[in-house]
Amino acid sequence: MQKITREVLIEKAASLLNEGVVSGVLGWKQGEFAYDVTPALFTTVDELNEQFVWGDFCGANFSKYLVAHTRKTQSKVLVFLKPCDTYSFNQLLTEHRFDREKVYAVGIPCEGMADVSKVKAIAGEGITAIESTEEGLAVTTLYNDAPVVIAYEDALAERCINCKSKKHVAYDELIGEEGDVLESGRFDQVAALEAMTPDERFAFWQKELSKCIRCNACRDVCPACTCEKCVFNNPVSGAETKAPMGTFEEKMFHIIRAFHVAGRCTDCGECSRVCPQDIPLHLLNRKFIKDINTHYGEYQAGAEVGSRAPLVNYTTNDVEPGDVFERGEENA
Amino acid sequence: MSQQNNNLKEELIRISGVNPKKCMRCGKCSATCPAYEEMEYHPHEFVVMVENGNIEPLLNTESLYRCLTCFACVERCPRGVEPAKLVEAVRLVATRRQGANHMKADDVPAKLDEDLPQQAIVSAFRKYTK
Amino acid sequence: MQRIGVFVCWCGSNIAGTVDVQAVSDALKNEPGVVFSTNYQYMCSQAGQNMIKDAIKEYRLTGIVVCSCSPRMHEATFRKTAQAAGLNPYMVEIANIREQCSWVHKDIPTGTEKAIILGKAAVAKVNLNAPLTPGESPVTKRALVIGGGIAGIQTALDIADAGFPVDIVETKPTIGGKMAQLDKTFPTLDCAACILTPKMVDVAQNDKIRIFSYSEVQEVKGFVGNFDVKIKKKARYVNEDICTGCGACTEKCPQKNVPNEFNLGMDNRRAIYIPFAQAVPKVATIDPNACNMLKNGKCGVCAKVCAAGAIDYKQQDQIIEEKYGAIVVATGFNPISMEKFDEFAYSQSKDVITSLEFERLTNAAGPTAGKLLRPSDLEHPHTIVFVQCVGSRCAACAEKGKEYCSKICCMYTAKHAMLVRDKYPDTEVYVFYIDVRTPGKNFDEFYRRAVEEYGVHYIKGMVGKVTPEGKKLKVQGSDLIMDEQVHIDADLVVLAAAIEPDKSARPLATMLTASMDTNDFFTEAHPKLRPVESPTAGVFLSGACQGPKDIPETVSQAGAAASKVIGLLAKDKLTGNPCIASPNELMCNGCSSCERVCPYGAITYVDKEFRMPDRTTAIRRVAQVNPAVCQGCGACTVACPSGAMDLRGFASAQIIAEVDAICK
Amino acid sequence: MQVNEKKPLIVAFCCNWCSYAGADLAGNNRLAYPADVKIIRVPCSCRVNPMFILRAFQRGADGVIICGCHPGDCHYTSGNYFTRRRMAMLFSMLDYLGIEKERTRVEWVSAAEGAKFAATMNDFAEKVAALGENKRLEDLRCKK
């Protein structure tokens, strides 16, 4: 359950709109279902009061929307940023992807977001309403008479269980209390995979990646994937494939996508959140982050604006490509 | 060059691990050898003669037993040829072939002379008895 | 669609011996875009080239593939051929079916199959080739010479002679280098100073030449024709413009016990010093490690005696920034350290010296005023032993010696031996040698004179050890001709120490991105055909920085390097390599990834207005490549996440086409 | 070895300045290596996009090797340092996905190392041949 309330955020947004500081607000709007919250642009206080929501399903990271939005307008936009969103915000600034002057960033605390797949797994399908209560999420479905109450920790998304930071690394204004960078176990699953035999790993990834329907949601939501034109949409890249193509996803798309964001990925976990097939895509990105930390020193993309990403950097005594496996073998 | 000598040459090269072709004929091994005056064939000659397959004379020379195995030649050789190892290999071949050239402890006192270094006696005794 | 011609070369039997050339040209005939395919004995011959030209015209070819030797061999040839026939030279691709096919595979079916695949890959690439035109960049008409020894001096004089300004950077307080330390020079025995110092004066008086002595190169940026160099002029605490070089300060300075590096530490100098009488520039320098005034503010004698008022204890290091069109490396050599050669007792006895020390000992301006006296007791030596190849040709002692032949020792040792016998006929001179190497005009005659006329004893063999005993040095060596061990009681032993590149060469090579061999000698662009050029464009090599050399050879190489520099500086514009990176602005994110990996700083960003897919306009930051600066490595193309950056001539689509052709 | 066994297909990306020249030198010295090795010339090893490598595997290559100048000797100063990082990351990822790590390699071969080039290719081809066909990264639809 989130500590700050919807009303506090609306109040802040409304006052900034009224004062003319911003001309719009990037926030969350209720979608078709209770768990289906969508990003939206609010331009009036009335819209805010009617449609703005804040709760345990407001996972969407708005940083990426700033790229397109700041191009369209000359005035400022207010954006609410959870701690993990601020890393993406900084990373995009490092890459000169939007105009900082056109953004009023309000940092808000986050207690972790719920994973709808976990909720459905416990409460079942046909969800009609979800309410955040003291005890947990009270889920009403078509098939149950009384709401099913799910404890927050049971519904928490994987990325929030292994939250890397409750600290905001960028904002103009902060609402609520500032947190700290956390020690998380976010690389445990990567290590577990590394400890498997190659055959086991291959089987694991075949099973996961073969589910891909190439909806491109992971790419479209990713705050690092803000290319004007994606290589996979580009006929001259030599690798254009827009539609699902059998084994292509397993053997090219996800590897290249992970490689393209390597060193730039802030580990916000949006890719896995939006994947309709529940593929643990973050495990690809985290592998790169873990390798970078191991071989080139600890690096958190977006921790500071202007930092040099590890893959556009080098030292003269870097590890040789043939030697990166050694650690894997030690684990095996 | 006879076939047998070639076989012997290969054997010596195998035992010693020395590549006599690396020798550039500078003679520093012989220049540095403390037993030079005692030897009929000198370290550099061992190297050249092995390379030429001219090995019989080496097997029969007393020089084999004058080498102190002090390794000065190995230390100083600019090309890393390691002549002492070659001498040692010839010695081994001679020993294996003859089998009868072993020294008896009783023979030692007769061979002593006061110029002979202590190291030579001990090393000779260690090598040529049993 | 391209109209491609394929030309398969037999290279006599070099290719045709292992590759069925007819089968290759037949197979490639059916590839997409190919309208003509043939084979011929020697494509690079005039007849072969004419065949290509005729085919281009007859079949209106838009691209050609030559299946022949390595593109490193004849790509340029065939590009010129294509150009002569009116085809853009970058529409030519080479399939390397000699070095990478016929020469490494043995049977004809294998060779033929691979040659066809390589040909197909080249055809697939040409299908995507586009005509390219090279860009141009201006040339800064000024040269930098790094090192002020005879190599640097000669190069600078020759460049200045052609009318171009030259700067010499020398780390020591004076130019002159090693040659200034020598006594006589072989094979004519004229005195080094007599032939060098006039050249030094020429340098000083030439208004095209600036000398930055006591200075070093700190940073090199840019590229051929446009180098930006930072030179650090170290504080010498003497105003160079005012100092008259009168030397009053060097006589009055109370700090008398500083080892004199010009005499290799065999005598002492003051804390303020002029290295030698004919130094250029002839100005004093204060050694900050020895000067009491600089160390603890107590003294100031030199300032008091300087009539010109040139002493400036507050002088600071100065950074000079200058642009150059060409850079000549002339960093020279040093004898290697003898400390590790225990057998020669160099560290144990003052009377075991190196040949360079011997030069100072016989030099009239040296520590003994030219009298041959041994360092330990200043007595005249009656028996001198010279040992050659000390540390040279030393394959087994990488930690102390060098594997190569130092080249100059045979000759200078003959010179030394001859000079001793000439001046002091009562002195016996022995030279221990492994081989006497005397290729060079009048060199062998010179060596023979040492033996025949001067009675120098040459002994074929090496010295095993030198043992100091009383006033004598017991030398034990072998005489391989006599097959005996020789023992000589010598008074002086002179070691012909191997020479090695100056220690400053390695960091300099890194700054220049010029390549070096494992011995830290600079690599030439081609060992035979481009011996004075570094593979890095605009960087030239002069003297012993490229390999051991004597003075005549150094001077001729210095002149050659100068002529290459003059050839470069005479151009107003340089034609660049058209195979450079170019961004597709519509796809560029402006993310700076490419900028960060570019080693040349060729990428900058501009804000541009674009019409977006949703019909709005937006101002976006996009990358731009400076075509004169880009060298075409392609690092940016992989750093670019959107694939907006591509490399002309090696475009992603072209490489992928090659991959696909090979993996069919 | 079976008669009809598919021969391994190896794609070698060689930088123009060192490794391609090293390959030429191997040719000059007639140092044999398997014809399975097909060389693609790139200006610098840093021109090699991971996409090219995956494409080769997708189209049926059994091994991909990238050869560049020795670190520190890059004709373009720093290109091979970027190659080293990129390929270290890519190879580690392929290993993580369960792809046999012997199928990919980076080797530094100078223009003077013709013998090393041939030896490297012989060794790599042998290792790749021992693994058999690349099934894990191949796209079956690309097969004829």
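Think of it as A, B, C and D in the order they're written, each chain with its own count starting at 1.
Convention: contacts are C-beta pairs under 8 Å (C-beta built on N, C-alpha and C of every residue); 3 or more make two chains touch, one makes a residue touch a chain.
Please read these numbers as outputs of a predicted model, since none were measured by experiment.
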Centroid comparison with chain D (C-alpha atoms), farthest chain: B
Averaged-CA centre spacing for the pair chain D and chain C, given as whole angstrom: 32
Centre distance in Å when chain B and chain D are each reduced to the mean of their C-alpha atoms: 50
CA centroid of chain A to CA centroid of chain D, Å: 36
Between chain B and chain A, distance of the C-alpha-averaged centres to the nearest whole Å: 77
Junction residues of chain B - those touching two or more other chains: none
Per-residue multi-chain contacts in chain D, two or more chains: 50-51, 55, 72, 78, 82, 86
Per-residue overlap in chain A, given as positions that touch at least 2 other chains: 231, 237-239, 311-313
Complete list of chain pairs which touch one another: A-C, A-D, B-C, C-D
Touching residues (chain side chain A, partner chain C) in the complex: 71-72, 94-97, 226-231, 234, 236-239, 260-261, 264, 308-309, 311-313
Chain B-touching residues of chain C, taken from the complex the two chains share: 343, 389, 393-397, 401, 434, 460-465, 476-480, 483, 485
Complex contact set, residues of chain A against chain D: 190, 193-194, 198-206, 231, 237-239, 245-248, 251-252, 255-256, 258-259, 262, 284, 287-288, 291-292, 295-296, 310-316, 318-325, 328
Residues of chain D that touch chain A when the two form their complex: 50-51, 54-55, 57-58, 71-72, 78, 81-82, 84-101, 104-106, 136-141
Chain C to chain D touching residues, read off their complex: 70-73, 96, 98-101, 103-106, 110-111, 113-114, 117-118, 121, 510, 513, 515, 535-536, 579, 597, 599-600, 631-635, 637-639, 647, 650, 652, 655-656, 658-660, 662-664
